[in-house]
C-alpha cells in the first residue's frame, strides 16, 4: 500500500489550471523529483502537497485517508522547506534553529542545535544574526533542520539553489541517508544532475494550455 | 516548551531587539498630543474636556501603526509556515501572536497613558479608570488587528487597507472606552461601560482567533 | 414521497450552485424583475409624493422618507445577504455565492449613500443642520465604511479573483457580527450623549395612507436589487469563467442570436 497516493491533482492560479493533472504513488523509501519549465507551478504543487494551500482539483490520500481529513497526522509526519527559508534576521543561528522547531512542537537541546550547525558548515556562526549571513548560508541554516527531525516525509522546494558545490554534496549525502533510512522524499531541483540519479520516480509537469 | 510559549518567547525576543515597534508608537502619541494645545489653546478646561476622547483615539491610532506587523514579517520571511504546517491548532498560534503583540505595543500604551493624561489635564481621580479601560481595550485592538494583518500580510502596501478594514470594527471599543473615562472624570460610576468593554474582550478572545486563522489560510493560497 | 421532495430541493441547490445553470435560470427572471421594480417604483413614488397626506408637523418635507427609509432598509438587507453568501463562499467554496456577494457590494454601498444623503437632506428642515450624529445616521455611516472595506479588499487581490472573493467574504462575515455590536454600541452611546432627540423615524402615528407607499417602495427596491444583482453576478461569472466552455458557448449563442 503506498503511503501517498495522488490522483489527478492540479493547481490553479486565478481561474486557469497551471498544468495537466498529475497522479503518482509513493511508498516509504521512494522519492519523487518534480520538474518542468519556469512558471509551470512546481512550487504551487509542492506547497499544495505540503498543506500550505488547498488542492483545488483531484485528491491526495495519505495512509489511505484523504489528506484534507487527515491533516494533523500528515503534519506530524511531513516536513516542508520552501523557497522562503523561515529564518528571522534578528535571531542568531542557534535561536533560529531552535525556535522554528519549538514552534512546531519539536524540542532540541542547545548541543543538538550546535551539532546541526556544524554539520551544515555553520560552525562558528552560532551567535551570528541570520540577517548577516549570505544567501547560501541562510539556505544551509534552513536545511540544518533536516538533521534534527525524524519525519518520514520530506518535501523540499529547490533545496540546491544558492548552495555551493560543498553544500550540494552535503545535501545529496543527507538525502541519500534519508532514503536509506526508509524515508520518503518529494523534491524539485532545477539543474542538479546527481539528484536525477538518486530519485526513484520522476514527474514532468506539462502546460495545460 | 510548548509551541504557544515558544512563539510568544520568539516574538518577544524579536520585538525587544527591534525596539522601534515599542517606542515609536509612544513617540507618535507624544507628538500628536503636543499638537492639541498648539491648535486649541492651552486652556486646562478645554484640554480636560477633550482628554478622554483624545487619549483613546491616540491609543487607537498608535496601535494601528504596528498592527500590520503581526503577520507581515512572518509572511515575508516564510516563518509563518512554521505554525501553519503543524498539528498544533492555528487559532492557538494566532492567540500567541496576539499576546506577544499586545505585550510589546498595548501594555506600553497602558503604562504610558498617565503621562498623556497629565499633559491633557485629565482629573487625576480618573487615572485608575483610564488605565483600566485601556488595559481591557488595547488587547481588543490587537485581536481585531490580527484579522486585518492576516488579510493584508501578502500585500506590499497593505497598511492603509488594514486601517480601512479594522477602524470601523473598533468603533464600539472606542465608544465604551472613552465613555468610561468621561463618566469617571464627571464623577460618575464607570462600571457599565467597563463591563461592556470586558464583554467585547471576551467576544474577541473567543471568536477572533478562528477568523484570523481562516484569513491566514486563504491568504497563503 | 418525502425523499423525492428533498431530492428536488437538493437538485435545485446544486443547479443554482453551478455557474452555467445559474446563468441560464437567472436569465429568465431579469426582464420580470426589472419591469416589476419600475412599475412599483412609479406607483410608490406617485402615491408617496402626490397622494399621501402631508404630515401635520413636518409638512411635505417628510415625504423624503419614501426614499430614505427603503434605502436604509436595503443597505442592511443587502449586507445580510452578503454575510450569508460570505459564509457559503468560505465553507463550501461555492462560486455562485462569491458572484452574488461581490455583485451585491456596490448596490448595497449605493443604497447606503442614498440613505445618508437623503437623511442629511431631511435633517436640514428637521434639526436645522445637514448632519446630526444620531444613532441611525452614525451606524449607517459605519456601514458604508464596511462596504468600502469589502470592495477594497477584493480589488487589492484582484490578480486572483477567487482568493479575492474569499478574502472579501471573510470581511463580510466578520462584519455581520460586528454590525450588530456596532449598532447597539452606537445606540447606547447616543442615549447617554443626547438624551432624547427627534429621531428620523419618530414614534408619530403613521396612517395607512402614509404607510402603503412605503411598503410599495420597499418591494420596488427589493426587485430592483434582484435585477441589478443578478445582472452583475452574471457578468461576474462570465468574466471569471471566461476560459470555460459554457461561457464560449453562451457568447457564440448570443452572437448568432444578434445576427438572425
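Labels for the chains are A, B and C, by order of writing; each one numbers its residues from 1.
Basically, a residue touches a chain if its C-beta (ideal position, glycine included) is under 8 Å from a C-beta of that chain, and two chains touch if they have at least 3 such contacts.
These numbers come from a predicted model, not from an experiment.
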Per-chain Cα centroid nearest the overall protein Cα centroid belongs to chain B
Computed over C-alpha atoms, the centroid farthest from that of chain A is that of chain C
Whole-Å distance, C-alpha centre of chain A to that of chain C, is 47
For the pair chain A and chain B, the C-alpha centroid-to-centroid distance in angstrom is 37
The distance between the C-alpha centres of chain B and chain C, rounded to whole Å, is 33
The positions of chain A in contact with two or more other chains are none
Multi-partner residues in chain C (2 or more other chains touched) are 160
Listed in rising order, chain B residues that touch 2 or more other chains are 221
The answer for chain B against chain A in the complex is residues 1-3, 6-7, 9-10, 13-14, 17-18, 73, 76-79, 81-88, 93, 217, 220-221
As the complex stands, chain B meets chain C at residues 147, 151-152, 155, 158, 161, 164-165, 167-169, 171-172, 175-176, 179, 196, 200, 203, 207, 211, 214-215, 218-219, 221
Residue set of chain A touching chain B in the complex reads 47, 50-54, 71-73, 75-76, 78, 80, 82-91, 95, 99-100, 102-105, 107
Listed in rising order, the residues of chain C that touch chain B in the complex are 90, 142, 145-146, 148-149, 152-153, 156-157, 160, 163, 166-167, 170-171, 173-175, 177-178, 181-182, 185-186, 188-189, 192
